[in-house]
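Input: structures, listed below.
You will see two complexes here that share chain A, one where it goes with chain B and one where it goes with chain C.
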Partner chain A sequence: MIYEVFRQERKGVAFEHAGSVVAPDEGFARAYAHEQYGRRGESAALWVVPRDAVMEVEDFVDELNRNYHRVDGYSLKAKLAEARARAAAGDR
Partner chain B sequence: MDEQQFLEYVQGGGQVEADDWMPEEYRARLIKFIEMHGNSELMGVLPEREWILRAPTLQRKLALTAKVQDEVGHSQLIYRVVEDLGKPRVQCLADLISGKSKFHNVFHYPTKTWGDVGVIAWLVDAAAIISQKALLKCSYAPYARIMKKICWEESFHILHGRDVILTMMNGTAEQRELVQEAVTRWWPPLMQFHGNPIPAEDDPVVRWRIKTQGNEEARQQFLDGYVPQIWELGLTVPDPKLRRRDDGVWEYTEPDWDELRSVVTGHGPRTAERLELRRASREETDWVRRVMLAEAA
Partner chain C sequence: MREQLLAIADDELVLGWRDSEWTGIAPVLEEDVAFSSIAQNEIGHARAIYRLLSEDADALAFDRAPEEYRSSQLVELRFVPDWARTIARRVLYEAADELRLRRLMASDDPAVAGLAAKIDREEAYHRMHAELWHERLRDEPRYLAAVDELFPYTLAMAEPDDHESLIARFEPKTVASNTVLQAHARGSHADGWSELWEEMTEVRRSVPGATW
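Up next, the complex of A and B:
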C-alpha cells in the first residue's frame, strides 16, 4: 500500500508534500514516514495518508475570463494619475 | 499534447507529475536514469559499510552508520519514484543483482584504508552532489522534490568526510600518507564520474530536461570547487596536466573512458563481490518480508 507523506517544517507553517512510502499497514507507514522524513528533527509534524484517500481536483479553466475577482482585473495607475491631476487643477 | 509539444514544454522549464501524460521515450529514459541513481545509493553504502566495524572512534562509527542509513533511505525514496513510473522495486532489485541494470563507477572499487573512507565521503559525495543539485530542476517533479531532501543530507556527508580528512592531515606522517594514497587511488574514477564529455545538446537525458547540465560542465564545476581545497592541504593530484587556464577552464589528462565503460558494465574490481553480497542478503531477509506481508494481509 502506498502512503503519501506531507511534512510541516515548523509549527504554524503549511504542510507540504514530501514524498511517499510503501508499507504493509498503518503501523509500518508511521514508522517509515518517521524515519524518512523526521529522524533529524527536520519536521514538526507529518500527515501520512493512504494514496487512495487523496482526491485530486485540477480543473481550473476560466472560460469567461472573470478577471473582476482577481487583482489582475484592476489597473489603477492611469486612473489615479488622472484623478490626481483633476484634483490639482481644482476641478470639483 | 503530442510528443513535440511535450518536448517544448519540458525544454521551456515545464514540470511533469506522475499521472500526467508523457511520451513513452520520456518515461523509459526517466526509469533508466532514476533507477541507476537508486541502484547507486544502495550499492554506494557497501564500500563504507566495510569500515563501520573498523572506524577509529565511536563518534566516527556512529557518523558512518548514520551516513549509511541516509544512503539506503535515498535508495528507498528513489525506487518509490521509479515504482510510480511503472517499474516495481522488486524488479529493480532483481535487475541490479542480475547485472542487467547499472550503478555508478565509483562504487565498484575497494576501500583499502580509512583514508579511502574520508575521500569517498568528501570527494565522491562532492562529485555526486554537483549532479544531484542539477536535478533539483529536473522536468519530472516527483524526482526533483525528493532531491531536496537528498541534497540536504549529502551536505552533512561532505562535512563528515572533510572532517575525517582534516583530522588525518593534522595527524602523523603515516596518516597524511594514507590520505595522499587515497586521493591518488580515487582520482581516476573521480574524473570519470561525470561521464564522457558528450555535448549537452546530443545527450537525450539533457534534451528531455531530466538532467539540466552537461557532463563536462559538471566535471568543471567539481574541479573548480575541489582542486583548490585538495591543494591547500598540501596534497598532490596525480595528473601533471591539471591546471586552471586564465579563462577559468580546467585542463586535465583525458580520463580512461574504456575503464569507465568496463567498470559500469559489471567488470570493476569489486562488482561481483558486492552484487553477491546484495543477493545473499536479499535471500537471507526474504522471510522478514514474507512475515510482514502475511501479517498485514
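Up next, the complex of A and C:
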C-alpha cells in the first residue's frame, strides 16, 4: 500500500508534499515516514495519508478560453505601466 | 557503574555494526532506510556513552583488544541473510535495553541520567519499529523459533533483576539453565566475534597513531 507523506518544515508553515512510502499498514507507514522524512531533523511534523484517501481533482476545462476568469487573465502590470506613462505625459 | 556503561556502549556499537550489514540488502527499500537509520542511532548512542567515560571515544571504540570488549553475545551474532533472527534480535534487544535504560534514567549521576533520557527518546522509535515487526510476525514459525533460540542470549545480556520481567513478556518454552546462561555471559564472545573485530578496527589499525 502506498502512503503519501506531507512534511512541515517548521511549526506554523504550510505542509508540502514530500514523497511517498510503501508500507503494509498504518503502523509501518508511520515508522517509515518518520525514518525517511524526519530522521535528519528536516521536519517539524508529517501528515501520512493513504494514497486512496487523497481526492484528486484535475478536470479543469476552459473550452471557450475565458481567460478573464483567471488571475493571469488581466495583466495589471502592462495597464499600470500605460497609466503611469499617461500620467507622466500629463494626459489625464 | 563504569563497567556497566562500557557494556551498554559496546552493545550499542556492535549491534549498530551488525544491523548496518543490512544496508542495501534489506528485503524492502523502506526497511533498508529504517534499519540503516536505527543502526546509525545505535552507534551514535555508543559514541555518547564512550564520551562520558573518556576524552577519546575513538580509542574506546576501536583501540581495545578483542577480549577487552564487554559486548554481549546477542549483539555479536551474525545473521545476514536471516531476517527472522535479525528481527527477533531487534525485538529482544530493545526489550532488555529499555529495562536497563530505565534504571540509568533514575541514576544519581545527573550526566548519566540525562544521557539515558536522551537516548531513550530515540530508542522509543526503535521500540515502535520492533513492536510492529513483532506483531506482524507473531504467528510465523520461523520467527517464533528465532525468538526461542535467542532468548537465552537475551537473559545473559540483561541484568539478573530484569530476567523475571523478560520471561513474563516473552513466555519462552523453556527457561535457560544457569549453565547455558554462563556459556553466553558477557566476557566470553560469540562465534564470529574475532572476524567482526578485525573488520571493525581494520582501517584504524592500518595506520596506527594517525590523526583522522
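The criterion applied here is as follows: the second predicted complex is superposed on the first by the 71 of 92 C-alpha atoms of A that agree within 3 Å, B and C clash if a C-alpha of one lies under 4 Å from a C-alpha of the other, contacts with A are read in each partner's own complex, and residues count from 1 in each chain.
Just so we're on the same page, contacts are C-beta pairs under 8 Å (C-beta built on N, C-alpha and C of every residue); 3 or more make two chains touch, one makes a residue touch a chain.
Just so you know, these numbers come straight off a predicted model, no measurement behind them.
Using the contact criterion defined above for the overlaid structures, shared-chain residue A:H34 touches chain C, although it does not reach chain B.
By the touch criterion stated above, A:V54 is placed in contact with neither chain B nor chain C.
In the superposition on chain A, A:V21 contacts both chain B and chain C.
In the superposition on chain A, A:A83 contacts neither chain B nor chain C. With the contact threshold set out at the top, residues 21-22, 24, 28, 35-36 of chain A are in contact with chain B in one structure and with chain C in the other. Listing the residues of chain A that touch chain C in their complex gives 21-24, 27-28, 30-32, 34-36, 39.
Of all the residues in chain B, the ones that touch chain A in their complex are 19, 73, 76-77, 80, 83-84, 89, 142, 145-146, 149, 152, 292-293, 295-297. Across the complex, chain A meets chain B through its residues 17-22, 24-25, 28, 35-37, 42, 56. On chain C, the positions that touch chain A within their shared complex are 28-31, 33-34, 37-38, 125, 128-129, 132, 135-136.
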